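All chains are identified by letter, namely A, B, C and D, in their written order; residue positions are counted from 1 within each chain.
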Amino acid sequence: MVPLSYYLVLSGILFACGVLGFLIKRNIITIFMSIELMLNGVNLSFVAFAAQWHALSGQVFVFFVMVVAAAEAAVGLAIIIAVYRTRETLNVDQVNLLKL
Amino acid sequence: MLSIETFIIVSVIKTVIAIFVLLTAVAYSVWLERKVIGHIQNRWGPTRVGPFGLLQPLADGIKFLFKEDLTPPHVYKPLYIAAPMLAVALALTSIAVIPIGNSITIGGIQTPLQITDVNIGLLIILGVTSLGVYGVALAGWSSNSKYSLLGSLRASAQMVSYEVSLGLSLIGVLIMSGTLSLRGIVDAQGGTFLGFIPRWNIFQGQIVAFFIYLMSAYAETNRVPFDLPEAETELVAGYHTEYSAMKFAMFFMAEYVNMITVACLATLLFLGGWHGPIFGPSVLQAILPVFWFVLKVFVFLFIYIWVRGTLPRFRYDQLMAFGWKFLLPLAIANLVITALIVALKS
Amino acid sequence: MLHLALFLIFGAVCVAGAVNLLAQRHPINSALSLVVVMGSLAGEYLLLGAEFVAAVQVIVYAGAIMVLFVFVIMLLNAGEEERTRGSRIAVLFGIPGLLVGSVLIAWVLIAHSGTQPVPLGALPGPPREIAMLLFHDFLLPFEVTSVLVLIAIMGAVVLAARPEAVEHTKKEG
Amino acid sequence: MTPNLNLWLIPVLPLIGAALNGLFGKRLTRQAVATVALAFSGAAFGVALFVATRFSTLQLPHIETVAQWIRAGNFRADFAFYLDQLSLVMLLVVTGVGFLIHIYSVGYMWEEGGFYRFFSYLNLFMFFMLTLVLANNYLVMFIGWEGVGLASYLLIGFFFLRDSAASAGKKAFIVNRVGDFGFLIALFLLIKHFGSLDFMQVFQQVSSLSPETAGAGLLTAIGLLLMVGAAGKSAQLPLYVWLPDAMEGPTPVSALIHAATMVTAGVYMVARSHVIFERAPIALTVVAIIGTLTALFAATIGIAQTDIKKVLAYSTISQLGYMFMACGVAAFSAAIFHLMTHAFFKGLLFLAAGSVIHAIGGEQDMRKMGGLKEKIPWTFWTMTAGTVAIAGIPPLAGFFSKDEILWRAYQASWAYWLIGLFTAFQTSFYMFRLWFMTFTGSYRGTTEEQPHAEHAGHGTHLGREQIVSRAGAYAPHGHGGIHESPRVMLVPLVILAVMSIVGGWIGIPGSMGGGNHFDKFLAPVFHTSTPSLNTQHATPGEVAPPEKQTEGPEPQTSRATELLFTGISVFAALLGFVLAAILYYLRPELPDEIAQALGGFYQAVLNKYYVDELYSILFVKPLVDGSRRILWHGVDQSVIDATLDDSADGARHISDTLRHMQSGNIRSYAGWVAAGAAAVIAYMVWMGAR
């Protein structure tokens, strides 16, 4: 028997790792993976809560998250490719044309 | 219900048997292939080692084992080593959920002829096969050579694309049988129409799905006519150019295991699994289902080899166009039609 | 007991993978460690009984999305990431903020950790029920997401295709 | 069960016409525009007639709700139509006279630019006027009220390139605002105290109240405020100033809006709210006094005017004064009667005047007319009919209605009667003055060589339309020379002439052996004042209960006196005729000498008692200056604008510093996000902890 909070802590850790990756990583692709990591953490909490409240809809939401993640991955990676094509780099610190 | 210990013991035994049988089957499917291709190409194939070259696989195995395992420079070692293991491991994993017959009782312990029966067996197989891409991709990328890289890129692209139509072709069957458990699917195909036509999915209107599955399976396993990843004439040997000895053997095994897996899958999903005429004494009755199953798998494998002996190789763009522009729409259409029919029936 | 052990094993693998994702400097290692994370998450899902979710997690995430990542990494032949000091803010604000946030959440969880334990396989998510939910109760969101995916596909094609390639296809019609 | 008459058709049809002409008129030919306008206004008239035929079958009042409009708590106002005898009369007058004037306008406006614009406005006016007349509650009535104001504004300023026209339109609009203000407040009071604007409900609740004979009260306030609104719309003292200027508009407009229909809206409104007024004697007295004074005042001004249309305008004002006087003495049916007959003969007079102006090429100054009798016989005879009618000479329409009013006024108080009589004398005097100056004597104008002044006046406006108009111009009748108007203008004249001759016969009082059918017809509407009878007797000099006439045969004594008074008023009318004949026909030099003799007084009269100047000194200038100095320079520029500009500058400076946050570095952004998220989490935890 595992308390629900364990699962939540686990998902929290994953999410925090994702945020941290976003903060410290330079490689766009890795940053993108960090996002996926966060999504996974959220998914875990979804499923855990679903089990807690005996509501399948929690699991269904996981599917929606997955679909969104898939779409996001497709577009995001396409963007990354485009960026790489124009900027010849994957380092976000050098992709900062948005500045003032 | 079994106790945990017996359960574990039984599982271990079954696993060992399964792997042994599987590897043997792999070895002899290689032998079979060489023989058949030989005869198709008006040669003899292996004849020297043993009668009809029956011991040839053994010889090959020994050769692989004792060859020098050389690692080329500039490879990314961890992945270079991990890739073949990954490939073969995943390939072997997928056999775990494949049932080859009804449950049998030995020494009072009743157990299914299957390592484990999970009610989402099909999904597990799909997942594992989808993971199989990594082996190929990483191998090609890590061995740091352009041929390998190109080969692996092709391989992964091809596998990812054809996986879609493969999965879609299966869904028709799932709709028919209404379960994800392989055993359940097979059970759904028992019996006959009009007394003589077996109730196999292939005869229940899934014929189109069957052929879609067939072609997608060829592409999944990188077999002729879709063997672009290892197109000898273009890229030396594709993703395993840089591999030799046991590592290469692992890829080799992985490929044939995958072949057998998809053959089993086809048998289970379309050809009615172990269903077939049962007759004779009880021992025979116990054996026959397994026999039918093996027979069907054999037929499927034979078709594999036959095709390889017959068809030329696709061009890459043709491959992609075929996959996305023909197979996928066809699979979707089949799925829709099946769904409609089932919905109208119920 | 076994349950807790499995949970801890999978969880440990999970966290290890996540940390490795951050530690590794080569994107492909990060990608693979992410795959590991996802695999072990699938294990967690199994423990929670969500077998279907687990399977889909493997197929979609590990089998499709991450393959896409690996594919892109191989395509762009991304090398080790170089250490540039791009952003002080990320270090000055982000990391403290992150720490504060996670500490707070942890505190809340611990404070309210009186949640009743979840048994093994608490909520089996059989495909049939999930299908009922997905195609009946959540039909509209489902359709919307399908449209979303369609748009994403087209967007990806438009973004990734080289202009000349686009012209070429246009000529072909 | 009452059949559904689709009353909504009546207002909506003209609206459709207005929409069609307004939207597509520019591309249509004049014929098409005229056809559309006539078709839809005619259709409205047709429906009105149909309603009239079915009227007897209805149980009254007949209410048709078209749509819900406002549902706020208990308060509800619907788009509903209310049909009873009163609104039926108004309906027929508006649609009938309106239709005739439409026909007339086709000929009159033929070569003006903006032909389609004119008819679109005219139809629009019809729509709003009919809405006003058919309204089931004060709110819908108010829509129509404002709408006709808008239409009249548009039409007065029709030749908007002429400053005088534009400013006249503005003046009309602004003066009306003052009245509408009062009207609105009255509505608010009604809502506050009766919680409804629906006629039925309001009147039921009101009639349950006891009359405020002793001192002023709520009803008095409401009544006075309503009267303010009516005074604004119907050009009563002190808000009459806009009507004379409104003559800047095309003559048919003056005929339709500023004589026949719109200006009578006030009378209609007062009559409609008679229940309130009957219970507010003070308000009623005020109405009567205002009406009387207006009648007198306007008549005196009218005497001295030389512009033919101005004369008619002032006569309109004074006639309206009559109507209010009648309302003021609670002779509502008499007021409506006069309203109807007035619609006939004043419409006729305006149209005839228009025909005259048209004939002699846009000249409006009577001193430049004369001797037109032979030249434009049709116009002459129709105008004669109208003049006689308004002068109150039997047996024409004006006689009966005016006589009715005077008789009732006498019953209320001899003072009203005396002033009314004097006014009647003046009326006939200045009308015949107009008549003589226009048609008799020798022609004093020089139209042969001068171009159409009015048309030339518009010649400047709307280049494109002008071209169009030139294209279609001169088709109906060549210019130069005095000429009778085309038939399309004469037909309405003749019809109206006939109406103003026979129109009064439906209301012949019993004293002259008539059945006074009109009064009886309207009786059901105004019979609700029964409970206030005794109290009215209790207060001397107060309203005479109308029931005296409507109910049963009247006592012989009063009949003799009534006949006597009739004779007196007829005598006054004839006296006016004779005086006018002497002054302007037999001895045309006399008037100037009289003017010399009167001197300052004459100047004052000629300049309308300097009322406009007074107003501009009293109200307009202070308002304008105050707005410029305080509101514009003071508040607007140095407060509002200043704050705005300063805040904008501040924002720019702040953002100038803040934009450095936007380094364009994703990770920095992520950092901000993380910090923000931490803040949010902290806040939520804190909230949860509390």
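Methods note: a contact is a pair of C-beta atoms (placed from the backbone, for glycine too) under 8 Å apart; a residue touches a chain by one contact, two chains touch by 3 or more.
Please read these numbers as outputs of a predicted model, since none were measured by experiment.
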Result of counting contacting C-beta pairs for C-D and A-D, higher pair: C-D
Chain centre separation in whole Å, for subunit B relative to subunit A (CA means): 34
Cα-centroid distance, subunit A relative to subunit D, in whole angstrom: 73
Distance from the mean Cα position of subunit D to that of subunit C, given in whole angstrom: 77
Rounded Å distance between subunit B and subunit D, as computed from the means of their C-alpha atoms: 95
Contacts with 2+ other chains: residues of subunit A: 19, 23-24, 26, 92-93, 96
Touching two or more other chains - residues of subunit C: 52, 56, 64, 68, 73, 75, 86-87, 90-91, 94-95, 98, 101, 105
Junction residues of subunit B, two or more chains touched: none
Chain contact graph, described as a line, ring, star, complete graph or other shape: other
Set of all touching chain pairs, with the criterion as stated earlier: A-C, A-D, B-C, C-D
Subunit C residues within the subunit A interface of the complex: 3-4, 7, 11, 14-15, 18-19, 21-22, 27, 30-31, 34, 37-38, 41, 44-45, 47-50, 52-53, 56-57, 60-61, 64-65, 68-69, 72-73, 75-76, 78, 81-87, 90-91, 94-95, 98, 101-102, 105-106, 109-110, 112-113, 115-120, 122-123, 125, 129-130, 133-134, 137-138, 141-142, 145-146, 148-149, 151-153, 155-160, 162
For the subunit A and subunit D complex, residues of the former touching the latter: 19, 22-24, 26, 31, 92-93, 95-100
Complex contacts: residues of subunit C adjacent to subunit D: 86-87, 89-98, 100-101, 104-105, 107-108
Residues on subunit C engaged by subunit B in the complex (per definition of touch): 28, 32, 35, 51-52, 55-56, 58-59, 62-64, 67-68, 70-71, 73-75, 126-127
Residue numbers on subunit D that touch subunit C, as the complex places them: 663, 665, 667-668, 670-679, 681-682, 685, 688
